[in-house]
Structures are given as C-alpha cells and as structure tokens.
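For reference, the structures are reproduced in the following blocks.
Next, two complexes with chain A in common: one pairs it with chain B, the other with chain C.
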Partner chain A sequence: MKHWFSTKTFEVNGKTIRQPFGKVKIYLLIFVLFFVGSFAFINTDQFVFQINQLFKIIEALFRPRSFNDIHGNTTYDTWAHYFEYMWNLRHVLFYTIKMCFIGTFVGSVFAIPFSLFCANNVNSNHWVVQIARAILNFIRTIPTLVIALIAVFFLGLGYFPGIIAISIFSFSILSKMLYEVIETIDMGPCEALESCGANKLKVIKLAIMPQIMPIIWGYVLYIFEINIRASVILGYVGAGGIGQEMQDAMELRRYDKVGAILIVLMLLVMVLQFVVGKVRGHYDEAA
Partner chain B sequence: MMKQPNPPITKRSVAETYQHRPRVWIYSGMIVAILIGAFLYSVISMDLQFQQRDVWDLFVRMFRGLLQPNVDFLLGRGEFFSGENGVPYLIMQTFAIAFIGTTIASILGIPIAFLTARNVSGKVGSKIGEVLLILIRTFPEILMALILVRVTGFGAITGIVVIGIHSIGMVGKLFAESIENMDRGPLEALDAVGANTMQKIRYGILPQVLPEFMSIALYRLDINIRSATVLGVVSAGGIGANLIFATTYWNWGDLSSILIAIIIMITVVDTVSSRLRKKLI
Partner chain C sequence: MIKFVHVNKVYPNGFQALTDINLEIQDGEFVAIIGLSGAGKSTLLRTINKMIPITSGEAYVDGNDISKLNKKELRMLRRTIGMVFQSFNLVKRSSVINNVLAGRVAYNSTLSTMFGIFPKSDKMLALEALDKVNILEKAFVRADQLSGGQQQRVALARALSQQPHLILADEPVASLDPITTLDVMDDFKRINESMKITIIANMHHVDLALQYAHRIIGLKEGKIVFDGPVSAVNDEILLQIYGRPISEKEKLGVVEKEALV
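Moving on to the complex of A and B:
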C-alpha cells in the first residue's frame, strides 16, 4: 500500500527529479468509497430476477392482444386492430401537443423578461439578482410531478393542471438557461447605444434581443421536446394527454395499447429531436 | 441561399437611408401573430374547464401545512428512527440510486460511444450506434421503470437499473461527440515513438477524453438526481413513493419535510458538481 502514495525519483544528469504527486489516486479512492458506501442505502429485500417476464412484456407490447379461449388455445387480435388504435390516437396526441404548446408558450413569454431581470450585465442590482436566482433555483428543485399533483389538487383532473405544471417547469428552466446565455453576450453594442443616449428598453430591443433571439428559438424547441416527454409522467397523476391514455391502458393490462402509444410517442420525439437538431445546427452555423 | 444582387449605388442622405431601412418588423410581426393565433386557437379548442372548489381556503390550508414540516420525519427520530422510513435514509437512498446508476451508465456508455464516434468506427458502425442511442433515449423513463419493476422487483435495484439504462442514451451521445472532437496529433506522436495499443489508449486517448467524460457524467448526475425522486412513484425505490403518498393524501407536513430534504440535496449536489466541473475543464 505504501508505494501507492509515494512518489518516484529519477536520477537524470546527476540531478534528482521527483515525479509530481498525482492526486488521481486519492480522487479514485474517494470515488470508490462513495460508490461502495452508496450500496449501504440500497435495500435488496424485495429484489427478484425474472428475466422471462421482460420478454413476456415486450412480446405483449408489440403484438396484438392475445385471448385465451376455454380450450386453452391462444388467438391474437389482428394487426389491423393494432394499427387502427394507433391511428385513433391522433386526437389525444393532438391535445397533448396543444397542451405542451400552451405550456411552453406561457412559460417562455414569462421567462424572457425574467431572464433579463436575472442577468448580471443587464440588471446591475446585485442583491435583487441573487434573490431572483434563488427563487428560480427553488422552483427548479420541486419535481414537475409535485407541481402537477398540487395543480390537480386545486383545479381537478384534466388538461388545465398539466398546462400549469408545464408552464412553471418551462419558465424556471428557460429562465436559467437564458440568463446564462445573456451573461455571455457581446456588450459592445449595448455600450454604443447607451453612449448615444438610448434607454434600457431600447438597449434590450436593439442590442440584446438580436444577439439572443436565435438561441431562444433553439432552447424553446428543446424545452418543447422535454415537455412532450414529460407528458407521459404528467398523465400518471391525471393531468391529461397521452400519458393518461397510457396510464389507463396500463391499469387495464392492455399492453398492446401501451405498445402502440409508445411507438407513436417515440416517433414524435424522434421527429422533434431531428427538428431541434436542424434548427440549432442552422443557428450554430449562422453564429 | 440565393445570392442577392448588389443594390444600385445611389447617394442618399442619412434621413433617406433611415426611411428605406429593412422592414424586419413585418416578418417578426407575422411570426408573433402566428404564434399568438396558434396559442389562442389551442386555448379555445382545448375547452379548458376546472371544477369550482374553495380554492382560497385550500391554498391557505396547504400553505399553513407547508410551513409546519414534520420534524420527526425530517430528522428521522421518534417513530421514524428505526431505519428505513425516515427522510434521511430515503434521501440518501435516492442519491445512491442516482449515483450508482450514473456510474453504471457512464461505464456502459463508453464502448457504445466508441462505436458511435465516426472517426473510430466508420460510417456503418456509427449509424448502428446512433440508432441504438436514439432508441434508448426516447424510451420514456417512467414506462421503463413500470416494465422493469416486474422484472427486478420493487425497490432500489430497479431504480438503479432504470437510470443505468436510460442515461446511456444521452451520456453515450455526448461521449461520442467528445471523442469525435479528439486531437489525433498525440496518437501519431505515440505511433512515431513505437507505442503499442494499450499505451496509445493510456497516454493518447484517455488524457484527452477523460476530463470531458467526467464532466458529462456529473452533468447527467444532476439530471438523474431529479429523476430518481420521481422513480419512487412506480415503487422503484427512493423518496418518490413517500412524496406521492404525502401529496395525494394532502399530508402537507410530510410533503414539506420531503421537499426541504430534496431541495437541500439538489442544492448540495448542484454546487459540488459545478465546482468539480469548473476544475475539470
């Protein structure tokens, strides 16, 4: 063990050179201790391992529903049923998209002025900035699920609490992302405008907004994509949308429906990711 | 992009030029009008309605409850002392799930990242890796938890497995990007002095990519801490089960203690990881 923490010495041209002490080993030791220590909090009393269940569920997800008749023979629904259900999902999917759109829109509309308010180079009052950021951090630590649950508690089941939860989430995360961007912009145009006698609003409109607008588009689309994915978990607490549909199917053990929803949702997210990548790539090239 | 023909050179005064300034406001106005139109259409067509309740009274009760956290529950004493149902144990379990899961995902992500990186494995391999990563990334986490609960049972192990699999998607993608940005110079230099493959990996590749890998893993840990609090909802371990019970049964005192613990944990992890990341890069 001793040679682990000792350093090597070399004799070069009559001079003694000590190898610099590497801290990597200590960091590695701390990491391993953390990793092993973490297992103390993992309870294994309900642990089972049924890998055949996994294959059963996957088969049930991507295959039309099976029936067992009285003779014990298994028959399957036709694929036509499967795809018909998938096609019928378009209404609820459209509602989910609208829900996420409203939430992202409202969140962004509030986030853009608030992020300007939180940026150190726009708002020179240090204490106000710190307090505003503390509020943002506080909102961000509350899981979206809890916000949705509390909103359901106040507003009843339906799309409305989902929209509220998505708005609050989008607001907090977009504000944080944007004020970090605003702090890195070029302040030259702002100073030029100020020296011409422009007031704060003109500076924001003519010097700051043109610099951050492309980034805002990319971020908003990215958050829209996150929200579409989050709608699965929002449905779990009765906040409507495709997540609700999935939850209902799950409770009825209609795994074929769950699989159909899953395929549709994954396709939607992939398309969105593609669009987001294109938009961000486009602006990255422009910048 | 079409190349615009140069405008004819005419002598204009400043005032005239200002009058002929580009009319950007037409386009931005159109975009704003479309967005607002879509917003109004969505709001009207959603037919939003909420059940009338005594909202103000409920709000006052919730706020009062949130201001009086269940101290015994929060500190894990009294009836909650015996092991596994106090907040300290549960919050540490949540952290442990996220930490172990992120570590596993980072280790599993490295080979997939090398498969996906275009400069290592060529076009076909990188396409295979990319499709694999996209499939992992877009599979909803909560549904994966619901499925895996049947496979590995209720409890923290399922949480670890879910986070360990789901995080590969993003971690692998970012790892692959950092491998693609790697400098090939050191590798050629090592070739020139006659290093073997292991030495090339040790002295040529690892020093370049490891700091970035660690920074990515820390970033993912931040995200996983948040999702580990939610995984308990489907009984995959962590504080989520207590969180959802406290909220659905309007047990504001318990909810308050859980939220305090979550906020402290996330703040500590955020601060530590951002310090470490600044040190790494």
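Moving on to the complex of A and C:
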C-alpha cells in the first residue's frame, strides 16, 4: 500500500528521474470508499431477493391472460388473442411515433443553433456561454414528466402537451451533447475559412457543420429512441399514445397486455437501431 | 505591397512575440521567413492578414492600415490573401471541390452560402485552381482520401481560387515527406513566377528556403536579424539567426530533385 502511494524514481544511466504522483489514484480511492460506504446506509434487512416472484411476473407478462373458472381451475386465453392485441397496438404506436417524431424534430431544430451558442470555441463571449449553459442545466433538471404535467395543465389533454414536453427534453439534452462535441472539433478549417474572409455564419456552415453533421444524425436518432421509451411515461399524464395504453393495462392488472406492449416497443427500438446504422453508414459514404 | 513600421506584438500573457519589426515586401516577391521555433515566424505571418492583431506600430497591406480596418473591410482584404497551413486545415469529411470552393466564400452572400449555393463561375474557378496544382481528377473525392502532399495541393488550390495577389504559407511543407516537399515547393515557385503572386512562406528547411525563395528574412526572438536576398546569406548570417553554426546536414530536406530521378 505504501508503495502504491509513493512517488516513483527511476535510475537511468546514473541519472535520476521522478514520475510525478498521479492524482487519479486518490480519486479512485475516494470513489471506492464512497461506493463501499454507501452500503452502510442501506438497511439490508429489507433486502429480500424473491427469485420466484421475478419468474412469476415474467410469466405473467409474456403469456396470455389466465382465468380462474368456478371450480378454481386455471385456464389460459389463446395466443391468438395475445398477438391480435399486439397487432391492434399499431394505431396507438403510430400516434406515439408521430408525437416523438415531431417533438424530436422541433427540439433538434432549436438545439443545433443553441449548442453553437454554448460552445466556447464558437462563442467567444465567456459570460453569454455561462448563462446559456445555466439555462440548459436548469431545463435538464426538470423531469420530462413534470414538463408534461405543466404542459397538460396549460394545453389540455392530447397530442400537443406531449409534443411540447418531448421538444423541450430533446432540446436540452441534444444541446448539451452537441456543444461538448463542438468543443472537440478540429479548429484548423475554421482558421482557414477566416483567413479566406468568411464571417462567423459562413465558418459555421462550411467548417463546423460538415464536422458535426454525422454526429448530429446519430444523436438525433438516439434521442428519438429515448423519446419513444419516455413517451410511455408521458401516457400517464394524459398525453396519449402507447403510454396511455400501458397505464390502462397496469391499472387493470392486465400484465399480459403490458408484456405485449413491451415486446412491441422492443421491436420498434430494434428497427430504429437498424435505421440508425443504415443512415450513419450512408452518411459516411456520401458527404 | 506590404509595409511594417515599428510593429510590436505582445500576447495577453505578456509574451513579446514581435519586437520593432520594419519591413517592406514588394509585389511578386518570394520571401522565406526562417528562424528557430518560437522565434515569431507564425505570428509575423498572421499579423499580415490580421489573424493576429498587432499591439503597436503600423502595418500596411495594399495601402490599407490593417489596424484601422473594420470587420467587413478586413474580410474584403482577407479574401484577396490566400493562406496555406502546416496541417492543411481542410474539412476532411468534405469533398475536394467543396474545400476549394471555401476560398470563394467572401465573394458570395451569406444567404447563398447558408444554402450551399455557389455560382457556376466559382465552380469553374475552383476546378481550374485544382488543375493548376495537377489534381483535377481528385475534385469529387473526399479530402481525407488524399495523401498529405495531395491535401496540401488542395489547400493551395483553395488559396488560388481566391484569386489572390498574395499567398501566406505557414510551414507549408513541414509535415510532408522530402519528395512531396519538392513537388509542393515547385507548385509555389510556378505560381509565383507565372501568376505573379507574392509568396511569403515560413520555412524550417534552410536549404529549401535558399533554393526557392528570392529573399530571406531571419527572425530571432521576435526581432529581424537578417533581411536580404538569398545570395547574401552565408554561414555567418545563419549563425546569427540560429545562434550557432548550421552544418550541411542540419539544413534538412537535403535531397536534390535530380538526385532522386
């Protein structure tokens, strides 16, 4: 242990060179202590792992609904009904996709200019950058559910509050992700464009955008995927779509329906993954 | 014509990069600036198109007092001054032609640039510029597909598409291999001679500077310690610039082109 913390010295051909002590070790130690320490505050008595309950719920989710007849015998609904329900979900699913699509689009359209505004290497006004980032941080601390609740309060139930909530969420997270990427780009092309007599907007268009465009595509599609999953929560506040369906199913304890919805969402996310791959691949070839 | 009178540059951190620079460069000259790393070569080059503003003194480029230019006037001046960099500074993900068209930005409105529209005449200019540096066939290839030498030629074509009367080159061959170096230097020479474009280049390679330039400016710790024709450079002067004698080997890039063929 003593050796671990001490500064190392090397003797090379009679000369001495010291390797400076790495701070990373201290941070690592603090992290480990914090992690271990946090267990001390958990009441382990309450920690019961009921594996049979886990299997029970999984069974309830991915199996047609069960009935108890008058004799107390359990019978199951047909798989046909299970899949029929899944197929009928397409309408609410489409509703959700539309909501997420518009929300992600609107959020992204605002996020791209705003992220440039927040990037230190594009916006040289230190104070403006700090204020813009503070606004972003503030928006990000509000949970999407709360934004949706506020939007429902103002705009009533339905499509519109859902879109607003998704737009605001997409805007705040994409802005944050993008300005961090923008700060890592190669500034050489920007210098070259400036030396050609380009103004700020032209530098952004010709030197910055080509560098961040493929990353933007990837992020936007990723956020779209997050939004699809988040829209399940949005259903709870009356924004409609597959979330509403999920809530209804949970209230009636129709776990078979919940399971069907989960499978449909999983399939959708998989399709999205495939599309993301295709779009990025295509973008890499073109440009 | 470029005229510097008692120019000083002090960086915000207090480092004095240039001290009392006086110089005059006529149109059509091929000037090489030599000196150790940190002697102020890059700073001097960048003060000419005000990529770095000067602290005191007067600097004139084509009769304009550059410290008095407003933003718009500065852009109008910069669009007639090409610049080439050690690391090429191309947008690697964009096609070669788009990189060359970037040289035309200041001739077009911001709105049309935002929509990515360049006039056909600009495209022709860009293609002609590529032809002048012998890589016309690479026009629609992505920039990162090219070798270092080819990328530097694209950068040179970008500068040419500006229809400049002056090209500033900051260590243009420092990241190229010895053979490509000579090709690129030949391009500079041809541009200087046939198109009458003034060239001011920072050089690491003393022998290349002596071989291609007409005039040498030696910088040491931010001061001009030598300014004169190539013929006047001798070991004594190199000793002054570099602080110690420079052997034949240390002049770098020692290959003669004929020796390679």
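Some points to look at:
Following the convention adopted for this analysis, the second predicted complex is superposed on the first by the 215 of 287 C-alpha atoms of A that agree within 3 Å, B and C clash if a C-alpha of one lies under 4 Å from a C-alpha of the other, contacts with A are read in each partner's own complex, and residues count from 1 in each chain.
Just so it is clear, a contact is a pair of C-beta atoms (placed from the backbone, for glycine too) under 8 Å apart; a residue touches a chain by one contact, two chains touch by 3 or more.
Treat the numbers as computed from the prediction; the structure is a model and nothing was measured.
In the overlay built on the shared chain, the residue A:113 is in contact with neither chain B nor chain C. Of the two partner chains placed by the overlay, only chain B lies in contact with A:102; chain C stays clear of it. Residue contacts after overlaying the shared chain place A:145 against chain B, while chain C stays out of touching range.
In the superposition on chain A, contact is made by A:43 with chain B only, not with chain C.
Judged by the touch definition given at the top, the superposed model places A:22 against neither chain B nor chain C.
After overlaying the two complexes on the shared chain, residue contacts for A:188 are found with chain C alone; chain B is out of touch. When the two complexes are overlaid on their common chain A, residue A:281 makes contact with neither chain B nor chain C. Judged by the number of chain A residues each one touches, B leads among chain B and chain C.
Those residues of chain C lying in contact with chain A across their complex are 49, 51, 71, 74-79, 81-83, 85, 87-95, 98, 102-103, 105-106, 110, 113-114, 116, 142, 155, 158, 162, 168.
Chain A contributes residues 34-35, 38-51, 53-54, 57, 95, 98-99, 101-102, 105, 137-138, 141-143, 145-146, 149-150, 153-156, 158-161, 163, 229, 232-233, 236-237, 246, 250, 258, 262, 265-266, 269-270, 273 to its touches with chain B in the complex. By the touch rule above, chain A contacts chain C in their complex via residues 186, 188-189, 191-199, 201-202, 205-207, 210-211, 213-214, 287. Contact residues of chain B toward chain A in the complex are 35, 38-39, 42-43, 45-46, 48-51, 53, 55, 58-59, 62, 84, 89, 92-93, 95-97, 99-100, 103, 134-135, 138-143, 146-148, 150-157, 160, 226, 229-230, 233, 237, 243-244, 247-248, 250, 255, 259, 262-263, 266-267, 270.
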